[in-house]
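Chain lettering (A, B and C) follows the sequence in which the chains are written, and residue indices restart at 1 in each chain.
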Amino acid sequence: MPVNDLGYRTWDGVITSPYMRWMTIAMSGIRIVFKSQWIKRLMFLAWAPALAVGAMFFFYEQYVENRDAVDVATGRDSGFRQVAGVLRMFSSESQAKIVLDAMAKEPNEARGYVWSFILMRMLRGYSGWMVLMLVGLITPPLISKDIRSRAFLFYFSKPITRTDYLLGKLCTVGFFVGFVTILPALALYLFGVVLSPSVFVLLSTWDLPFRVVAACLIVILPSCLLGLMLSSLTSESRFAGFAWFTVWILGFVGYRIVLFSTQLGGSNLNIEASESMWQAVSLYDCLGFLQAWIMGLETNHSFAIKLLVFVLSLSAFCVYVIMRKISAPINA
Amino acid sequence: MISFKSVSKLYGLVNGVNDVSMELSPGAFGLLGPNGSGKTTLINLITGQLRPTVGSVEIFGENPWGREEMLSQIGLCPAVDVLYSNVSAFEWVNYQTRLIGFDWSEARERTLEALATVGMSDAMHRKIGGYSLGMRQRTKLAQAIAHEPDLLILDEPFNGLDPIGRQEMTALLRRYLANGKSIILASHVLHEVEEINPDLMLLSNGRLLAHGSPQEIRDVLSNQQELVDGNIPEIARPGFEDKVRITELFIRCNDNYILAKRLFDSQQICSLAISKDKTELTVGTTSVREVYTLLPEIAVKENLEFYEFRSADGSLDDLFSSLMKIHRGES
Amino acid sequence: MANQFGQQFENMPNSKAVESTPSDLATAKPTGPQPLIELRNIDKFYGQTKVLDDVSISLKPGVTGLLGPNGAGKSTLIKVILGLVRISGGSGNVMGHDLLSSGREIRNLIGYMPEDDSYIAGMQGIELVRYAACLSGMTNVEGLRRSHEILDYCDVGQERYRNVETYSTGMRQKTKVAQAIVANPPMLIFDEPTSGLDPEAREAMLNRVKTLSVKHGKTVIISTHILKDVQQICDHVIIMANGKVKLSDRLENVHRPSSPNLHLKILGDPLLFQGNLERNGVATLLDDDGNLCVISKDGVLPKAVWTTAMSSKVSIQSVIPSKNSLEAIFREVVGDDARAG
């Protein structure tokens, strides 16, 4: 009678490509992050403000279709004044000016600018905070827990490289952040296209989806890398979390102090018109400027390039530190 | 009739069955295994209620998943309590039979016949809520046989039956088999299953441990057979010489020392121990059958009086755990 | 059984050595098969400290014990083999792959069980083993199925559905073994496999390691400082101290007694007994521990010893054949260095 040997038996079967191992790491990381109740709630809430923005798109379309009679004196209609008021409330003068000029010329043609503006507002105001919160929640334990539980011995006795590891971790946090920023923005764009009177709107706004993705990435990549770097510097995820929020808050506050003191000093600078390199101190403003530039709402290209170089160098530095930290426990 | 090819079923992360392959032709089969070994999962795979994660299942030559019409050829008596408490047995079995597809009159006829076969004719119009466990088992069984399926599957059918009920159930199953039908019985008690002399399949942790007749299983239990592993040649493997199990016998007789001496002289024993109070003799041997033949000779020759004599093993659980220990390379 | 790594072995000059049946392995002669790991003059510096000094190793199939006190360089040597640290000098190859350039391929062929607790936080045991399987290239479903099988083999029951952080020491050790063997690598490195285990679990673990080598033809390296473990299951022994390899030989050679003498432990007057033995023609001497040692040409206790014992009213408590104990060799080999260094 065959009693099967249920002990160890050899295995041969299909092996996946060695260049896709980072996906295994990413998916495993995503599964672990998703076990947290808070993340699930945040994911759920993520799309709520998109509804509000969708409403804004809708109202703009309504305005374009149902314009009142033009006021002879100012050459603007009453609806325009309302929109202008709202815009001025929520933006910098330079950005509002660009949009209002375009609107004054021809509201239909201004659509590209208006959408840019609205999306930008959303990215800045709401998505920006979401990215901050999510990265602050997800990244601190990503590498620090591995340091604490000596997971590197586990990882690097397997046929993977440090690059696989970093890529996997980046995609873990990138998945969640992308889900709440890129996806709603793209969905809103499609929503806007659907609402508008003709399909030719695609022609005038074809660059928007790419700009949106690029604007999101310019925020996501440096933030995630910064978060991962902070996480790799300690084995306590709390410290990494504190450091993360401190960097942003200090930068934000520090920059405003500098501006305020210069204002006190006499010059009558509008807070966001200042284009000194002091903006680099505050990542929030720095990345915000770059986002606006990508969306076409800022035109000082040379300054933008300078900031871009700064941000990319920062990212490269983070990658360097992370790779060193990953190798360190093994070399010990 | 039933064909499993490298079938694995995983519920998310939890293991159901792991890499099971078997080919069963019509007849009687028993599924043995401790709780959690995958018996119910296997049954659900056969009836098409579960789809395998890996591998393929074929019943009567076809994939049972999504083929509800195949269920008219299969009768399932599940382990869990599936009866409604506010209807009578008659109503319930009738309803089930109607669901198979018979018309009113034929369903009624079959219901009455099935309930008579299981011995529920008197109580069949009372509400199920008031039934005893044995009556519920019989009702479930009636539902399973009412449409005379080619394959009858019973999951722990003897659960809760008194000895008389067990006898009746066994007789019923034997008659069913005699009519050329097939039966699959799942249980964790060997002696209940072996009455219908089925081909036994032992399951452990979702894997198929062994496949053979009840006699062969008993032989392994009492250690008559060496464990044959298809993969490794039978020439002595270093470290594996003594993989045949040692069975222990407990004996109490009027002169344990003489018995011990004689058993020892026969060279069939590996260990002997007498308890501190000198009343019980424990004999360890790898060849139990020889010892069984020796004992009467010694008893007669030395004029011994026996008070007690039993073997330690004999339970399926012990067999499972010691087999698994050997497979894990721990002993 | 076709081995998934078969094609790599075809390139090796003597691939038969690794794919041979267990009986071949058991009787492999010392000079026979091609070594699986060949390290030549490896040096490794950490800053100014030389942690590996001119290390040369030729690893044969079977179970090899890597012995040495703490700080001897065992862990560093293992990391060198795994291709995890860069060496300062020397060269080598592991199963046909060059040490310096093919780290990933080498790690594909080795299953490593770390000494320290090493796990991923927030994962259940079964998830961890599946993760190990997938990192080595298995698909999700097959990895999960195989992980269940391996956890059954490693005697992990329902605990596999609990988070690894909640495990006891024994459970962690078993899980570490499971994640090392799940992808069926031909070589295994166990770092302190029995640390923290109770005697029963230790027996089970050692048996499991031996089975993997004997029954499944895997090459196993056990790095430990417990001599008893090495004596129980190893075929070869490598002793390291202060970054140098002090001894590398088959265990039976190490154990071979220098002379077939017999050591006695007695209850009674030893000098009187010795004198009587000499008079009755039995040559004796005192061994290092001060016990009486009977010189015997063939390892059999002369009958005269018993008669002399009876007449001298001495009772013999134990008769133990002379054997070079691993412990003595170890102390000698390591002690030399301690005295010199």
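Quick note on the criterion: contacts are C-beta pairs under 8 Å (C-beta built on N, C-alpha and C of every residue); 3 or more make two chains touch, one makes a residue touch a chain.
All values reported here derive from a predicted model rather than from experimental measurement.
Compared on C-beta pairs in contact, A-C and A-B come out with A-C as the pair having more.
A comparison of C-alpha centroids places C closest to the centre of the full protein. A separation of 43 Å divides the Cα centre of chain B from that of chain C.
A separation of 53 Å divides the Cα centre of chain A from that of chain C. Note: centroid distance chain A to chain B, computed from Cα atoms, is 61 Å. Residue positions of chain B touching 2 or more other chains: 205, 207, 231-232, 324, 327-329.
Contact of a single residue of chain C with at least two other chains is seen at positions 1, 127, 142, 149, 152-153, 211-212, 215.
In chain A, the residues that reach two or more other chains under the touch definition are 6-9. On chain A, the positions that touch chain C within their shared complex are 6-16, 18, 21, 24-25, 28, 31-32, 35, 141, 145-146, 148-161, 330-331.
By the touch rule above, chain B contacts chain C in their complex via residues 8, 10, 13-15, 18-19, 36, 53-54, 205-207, 231-233, 235, 237-240, 324, 327-331. On the side of chain C, the complex with chain A involves touching residues 1-4, 46, 79, 82, 84-85, 104-105, 107-108, 110-112, 114, 116-123, 127, 131-132, 134-139, 142, 146, 149-150, 152-153, 179-181, 183-184, 211-212, 215-216. Chain C contributes residues 1, 21-23, 26, 124, 126-127, 130, 141-142, 144-145, 148-149, 152-155, 158, 161, 203-204, 207-208, 210-212, 214-215 to its touches with chain B in the complex. Residues 1-9 of chain A touch chain B in their complex.
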